[in-house]
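Shared between the two complexes below is chain A, which pairs with chain B and chain C, respectively.
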Partner chain A sequence: MASLSPGFHGRGSRSLVERLPPGQYPTESFPVLSAGPTPHVPTDRWSFTVTGENGGSRSWTWDEMRALPQEQPVVDIHCVTRWSKFDTRWEGVSLDVLAAGVETSAGFVVAESFDGYTTNLPRADVTGGRAWLVHSFDGYPLSPDHGGPARLLIPHLYFWKSAKWVKGLRFTTEDEPGFWERAGYHDYGDPWREQRYWNDA
Partner chain B sequence: MSAPTPGRGPSGGWWRARLTSREGQTTTGRTLRFDVPGWPGHRPGQHLDVRLTADDGYQAVRSYSLAAPAAGETVELGVQTAPDGEVSPYLNEILPLGAEVEVKGPLGGWFVWTPEDRGPLLLVAGGCGVVPLMAMLRARRAAGATGDPCALLCSVRAPDELWYAKELADPTGTEDVRLLYTRQAPPGGDRPAHRLAPDDLEGLPASPETRCYVCGPTGFVEHATALLQSRGHPPGSIRTERFG
Partner chain C sequence: MNQHPAHHLDGNCLAGPLAQVFALDPTTAWWTCPDCRTASPVGGLHVYGPEPGLTGRCPGCAQLALRVVTHPGHLWLQLGTGRGAFRFPLPPSPSWSPSDRTGEP
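== the complex of A and B ==
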């Protein structure tokens, strides 16, 4: 059988394999993936609400959120449209801090955004120090096209799980597929196992 | 929303795709047609992933929109050469006719329109963002008149960057096709070159039921969706695809 794509040599680095999940390529730019128009949410009308499966809830205004302990994660991010970006610098609040605002033993959580976007996650993936609500990127306030004023940052999953323009977390006992998860994308989305689409293992 | 499950290709979801034709569309844009045995079909607006493999096993993958409605085992792409890009210059200039790449798809279940989706249709393209919208327009033409109005706005820098020029000028088309030049307008035109402006949308469907599809580079999509919202289209009626 003739070889595939004859004459293709590729420009990508062969040495990044340890940091690059399968099927991804590294980029220096910061592409945008969104399903619709970019919402513009002023911080004085912003609030973030965590709701437990039993109905209890807790909300923070912008200033209250900024007064919580802040962290500065530096992480690699991986978009399902195939780009990865290394050493991105963010600032925000650990979701451990926010999730502690309600009583919950639920197995799942739905992140909800100002534009109606939703994405679902196991609760274990938003706790344990590996998920944040972030408001700054590279030292500057997060711009609206990248999800500002605040978005989730869950770097160990494909980036559509890091909901932009996020307004809250709702804990659920059942897994409730979100926007892209109903539109053909994988329920969990681990880039290292290449869980992009419904049929992926 | 119905299922856009990628077809089960013979090998981990990847199908072999043989290049059967390549034609110039613009100075840097090409129409590529591939023969994909087993291709399960797709809906207008969907895309596929193309995978290239070098002799040492190194692979690169990029997404490309399907430019035409499903037609057996043939898929049509419209690829714009990105200067110094890894994949697009290879597809447009180097991949020999008759040689194979791998593709996975169809992908994407949101930026989709089929002729069963009734109501006014407003398609807004920046540059090669016209590719998935062309699949919608072609599907609409093939389905025949329904009485629903349809418009296509194509924003390009200069006349030689216009995709599908002949087809868009087809006088039997019932769409309102508007060509908008941002840097250099054709001689004799009555619209000086400038970026998409509110006037360019005058007389187009504006009811809240209008289905709007916007595709192109991120800056264009941001600008166009802001304009659409300022003339009253609800955010939920506007679907976008950004080419990065």
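== the complex of A and C ==
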């Protein structure tokens, strides 16, 4: 757990103050934001499907996903409602591995969840070793409140892009605004440029 | 897929935000769910939020009924499951001073 005492330096040489994006405050708790009832998806009925823009697709069952190479990212996360949380510990599969399941040259991707939630991203943001499908938080299976059995983890963007209860990725040639992006939130959501709302630069 | 009914707010919490847009009391308006046909006043919706926005859902099947998102200077209103949202300009409010945008005291 990160200490907030002065002088503490976290990962690398950056202080926690330097790791806090503009307009954010640090929290030790893990607030739950919801836009609907919490879905409970048993892992024996869970699957994750990646679909290319030409209709080809690839699916993984829970056991197949767990058999893929696992990574343990430790990252800072930033919510558009202004809380940030340092050094969160996760376990899951790099989206590079899953995205490689289909042939695609699309510029965009839509993450789709079991509850109907969607969020849109450039394809470049789900590849390059900076985005994951995660199933564990802090050493424990991810709870339904936090998006379990599995959610996206895309820590370089505001946390609404890290879709909870995610069931797949769909590559698209056109950018398709998702659930919050259609209702006033920024299309991209870079916390370091404070891209909270639709018209932020 | 099972769903928890828990953690929703009372639909009457929409009264304040929607009063900025509607001339009549919006919580008394009736809405019939296009999916399960449950009829409910807006005040009877199950509302999730308040952040990142107020999401009003059918008390019978959780279908999306409306969304209200309030940002500095704007109120966004989406009715039903449609993809378009209406953006209303809000009058300047002291609670949304420029300093709120930057997090400065």
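One rule holds for everything that comes next: the second predicted complex is superposed on the first by the 185 of 201 C-alpha atoms of A that agree within 3 Å, B and C clash if a C-alpha of one lies under 4 Å from a C-alpha of the other, contacts with A are read in each partner's own complex, and residues count from 1 in each chain.
We take it that a contact is a pair of C-beta atoms (placed from the backbone, for glycine too) under 8 Å apart; a residue touches a chain by one contact, two chains touch by 3 or more.
Model, not experiment: these values are computed from the prediction.
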| item | value |
| --- | --- |
| Touched partner set for A:Arg14, first chain B, second chain C, both or neither | first |
| First, second, both or neither for A:Ser29, with chain B first and chain C second | first |
| First (chain B), second (chain C), both or neither touched by A:Pro39 | both |
| Contacts of A:Arg182 with chain B and chain C, given as first, second, both or neither | both |
| Touched partner set for A:Tyr197, first chain B, second chain C, both or neither | both |
| Which superposed partner A:Ser59 touches (first chain B, second chain C, both, neither) | neither |
| First, second, both or neither for A:Arg82, with chain B first and chain C second | both |
| Partner chain in contact with A:Trp160 - chain B first, chain C second, else both or neither | second |
| First (chain B), second (chain C), both or neither touched by A:Thr49 | neither |
| Overlap of the chain B and chain C footprints on chain A, listed as residue numbers | 23, 25, 32-39, 81-82, 115-116, 180, 182-184, 197-198 |
| For the chain C and chain A complex, residues of the former touching the latter | 1-8, 46, 48-49, 51-53, 55, 57, 62, 64, 67, 69, 71-72, 74, 76, 78, 83-85, 87, 101-103 |
| Residues on chain A engaged by chain C in the complex (per definition of touch) | 22-25, 32-41, 45, 80-82, 114-116, 144, 160, 177, 180, 182-185, 194, 196-198 |
| List of chain A residues in touch with chain B within their complex | 2-12, 14, 23, 25, 29, 31-39, 81-83, 115-116, 145, 179-180, 182-184, 197-200 |
| Contacting residues of chain B [partner chain A, same complex] | 1, 3-6, 8, 13, 16, 49, 51-56, 58-63, 86, 90, 94-96, 99-102, 107-111, 218, 222, 225-226, 228-229, 235-236, 238-240, 242, 244 |
